[in-house]
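In order of appearance the chains are A, B, C, D, E and F, and numbering begins at 1 in each one.
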Amino acid sequence: MILLTRKAEFSASHYYWIDAWTEGENQRVFGKCANRNGHGHNYTLEVTVKGEIDPKTGFVVDLKELKDVMEREVVSVYDHRHLNLEVPEFKTVQPTTENIAVAVWKRLEGKIAGARLHRVRVYEMPDLFADYYGER
Amino acid sequence: MILLTRKAEFSASHYYWIDAWTEGENQRVFGKCANRNGHGHNYTLEVTVKGEIDPKTGFVVDLKELKDVMEREVVSVYDHRHLNLEVPEFKTVQPTTENIAVAVWKRLEGKIAGARLHRVRVYEMPDLFADYYGER
Amino acid sequence: MILLTRKAEFSASHYYWIDAWTEGENQRVFGKCANRNGHGHNYTLEVTVKGEIDPKTGFVVDLKELKDVMEREVVSVYDHRHLNLEVPEFKTVQPTTENIAVAVWKRLEGKIAGARLHRVRVYEMPDLFADYYGER
Amino acid sequence: MILLTRKAEFSASHYYWIDAWTEGENQRVFGKCANRNGHGHNYTLEVTVKGEIDPKTGFVVDLKELKDVMEREVVSVYDHRHLNLEVPEFKTVQPTTENIAVAVWKRLEGKIAGARLHRVRVYEMPDLFADYYGER
Amino acid sequence: MILLTRKAEFSASHYYWIDAWTEGENQRVFGKCANRNGHGHNYTLEVTVKGEIDPKTGFVVDLKELKDVMEREVVSVYDHRHLNLEVPEFKTVQPTTENIAVAVWKRLEGKIAGARLHRVRVYEMPDLFADYYGER
Amino acid sequence: MILLTRKAEFSASHYYWIDAWTEGENQRVFGKCANRNGHGHNYTLEVTVKGEIDPKTGFVVDLKELKDVMEREVVSVYDHRHLNLEVPEFKTVQPTTENIAVAVWKRLEGKIAGARLHRVRVYEMPDLFADYYGER
């Protein structure tokens, strides 16, 4: 059993806002993130898969395939996008680092041939990141 | 003569768009950056000042003052903002890395007591940055 | 269940020394770290909390509050200090990376509203760090 | 119980190739890595050990000894070497990141006095790494 | 006048060896790098161009074009290659960091539309790099 | 003409204090750095040399020799030391980043065979560094 992790990056805009709240409540809870013009980040995504090493190839997963799945399912959808306005899953939940990690998990789960998704880590900034291991 | 450099960070949204151009022209020149919902980055700013070392304090510049000037003149204005929509200098020029470097220079020039501004470096991503040394 | 990690930094001095031992014994076990004038490091602290995502805010923990607790309980006490001489917990144990991780845990445990402390990581240098998960 | 991690680096060459396969099959599975002239990487190795903190020294493991073991058992054998041609364990398995992590584990297991090997992490590139926790 | 820098990476093998010297002389001057099986690195390339900002686009250079030129002229030729055996310019000079910087300059000079090549920086390791500014 | 840069690290303690000033004046100018128990940093040193590439070896300077000079003249003197108390040049000037850069220059000048010292860069923290190019 071994774990393999691959990173990718995307740059996106977001803001935090709850329609049912007043401007003041949004400001108090979300601070500068409540600015509805949006602001943005260079997100770093780390996807970890788990499995047995193939005795012939020495791989737990085909690296090119893993890269392609991450690109197709996540990066091409999130990169250079405004998460609140353009990505369906963030119409109903705030695009926080925590929720992005869960959303990336849902996008990748079951799509990686031959290995099991183990962890999704999302960095919003170099000093802030969320880890999601699926429901367990 | 010595140079001292201090870094700061800000997270902001932007897009590239020229009103006089068609959507197609904007797409061709600016690619994914032409998305008018905006996307964002964690920008890193490096400000370099130049001067003589004060023989008593050993400083070329008061570090706290330098930090305060960078915070007041740049970070507080750009951070968690949409550069095109909320920062005056980017109403008329595209908020490219190059133009942000020039704009930061203009904001800081003449504001740093006791030392001369030497260089402004702006990273849009870890693999892309612009350097501006003023007009010369 | 999700994990959220936030980093902070502090710069401090320390040395390793056991009074009951001779100078020679201290030198043999602690090497250059036995210099009682002290030497120092830029420490990086990573605090990981664990909990459920609040369905409204999308947060597992209030980020500003987490930052404030880390600042108040740890950074303001350790930063720009000589750990052996000025921080109470290191009067009786050596301020090794391992012991600092445990001490940070004790300082933070039970202070973070709404989430459970999961891990404290302390880097003494970029190539050396300790992880503590509490008693278990 | 605490975990301590130390990093080291080595620069080495490798390629991926299965003799029983045709050139075309090797190219299809291994892509650019099938070039038998070899190519290379700056590998980063992270070794994590686990144990109780010694109440006197504050150490879970003697840091100098850990460094020496990593140097003697791994770095001196892999650094500036062609892994396929000069390191015995890679005569029979491909020197993938996964297999290197397992091989480092086998080289270190039982050699670190006073602590238990917990994890070996190997980075082939900053955006690709494998983790091995031993057989379990 | 502004400077813009873009990074790229390539992984390659090399060794240092002078045929006219004995094995002993090669070993004495080149140390571990004289191993003719080769060893390798993750090289980082920084290309800096210089010019005026286009008042419309805000660019000193078309970023996509710069990336394409770097990919076509350098990365596709060096990446996953054995520099001594497969790259023509290193048949006659040692593939040292210094010589790679000069070779990259020669490959890029005159190929970047609208801007002037200012500097080529090549990192062999994070702690070792060469800068070349052309003949001057 | 080419530039080659090599990095090294040292961990040291320091404080800022002027005997002729009152405690209050020291606090006002030096803030937390005026704590005479000292605090510390992981300093990073970058030494850049300049010269012609040797047509045979491809080197501007013997890398091992450069490393040895940096180790002997600087790292072995500063590492794990209290700069104010144990390093002669800081008895009379404050060990600021600026003054450390100048002191490193003086220690290295004329000691590097075959190449000319071009720049000394000293990082006190990842976000603060000084550059010295000698008197000119």
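The working rule: a residue touches a chain if its C-beta (ideal position, glycine included) is under 8 Å from a C-beta of that chain, and two chains touch if they have at least 3 such contacts.
Computed from a prediction, not measured in an experiment: that's the story for all the values here.
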Task: With one step meaning two chains touch, work out the least steps from chain A to chain E.
output: 2
Message: Counting hops between chains that touch, how far apart are chain B and chain E?
response: 1
- prompt: Does the chain A and chain B pair touch with the same residues on each side or with different residues, judged by whether over half of the numbers are shared?
  reply: same
- prompt: Just how far, in Å, is the C-alpha centre of chain E from the one of chain D?
  reply: 28
CA centroid of chain A to CA centroid of chain F, Å: 41
Field: Two or more partner chains touched - positions in chain E
entry: 126
- request: Kindly provide every pair of chains that touch.
  value: A-B, A-C, A-D, B-E, B-F, C-D, C-F, D-E, E-F
- prompt: Contact residues on chain A for chain B in the complex?
  reply: 9, 11-14, 32-33, 35, 37-42, 79-82, 85-86, 125-126
Statement: In the complex, chain A touches chain C at residues 16, 18, 29-31, 93-99, 101-102, 126-133, 135-136
- prompt: In their shared complex, at which residues does chain A touch chain D?
  reply: 1-8, 48, 53, 55-60, 62-64
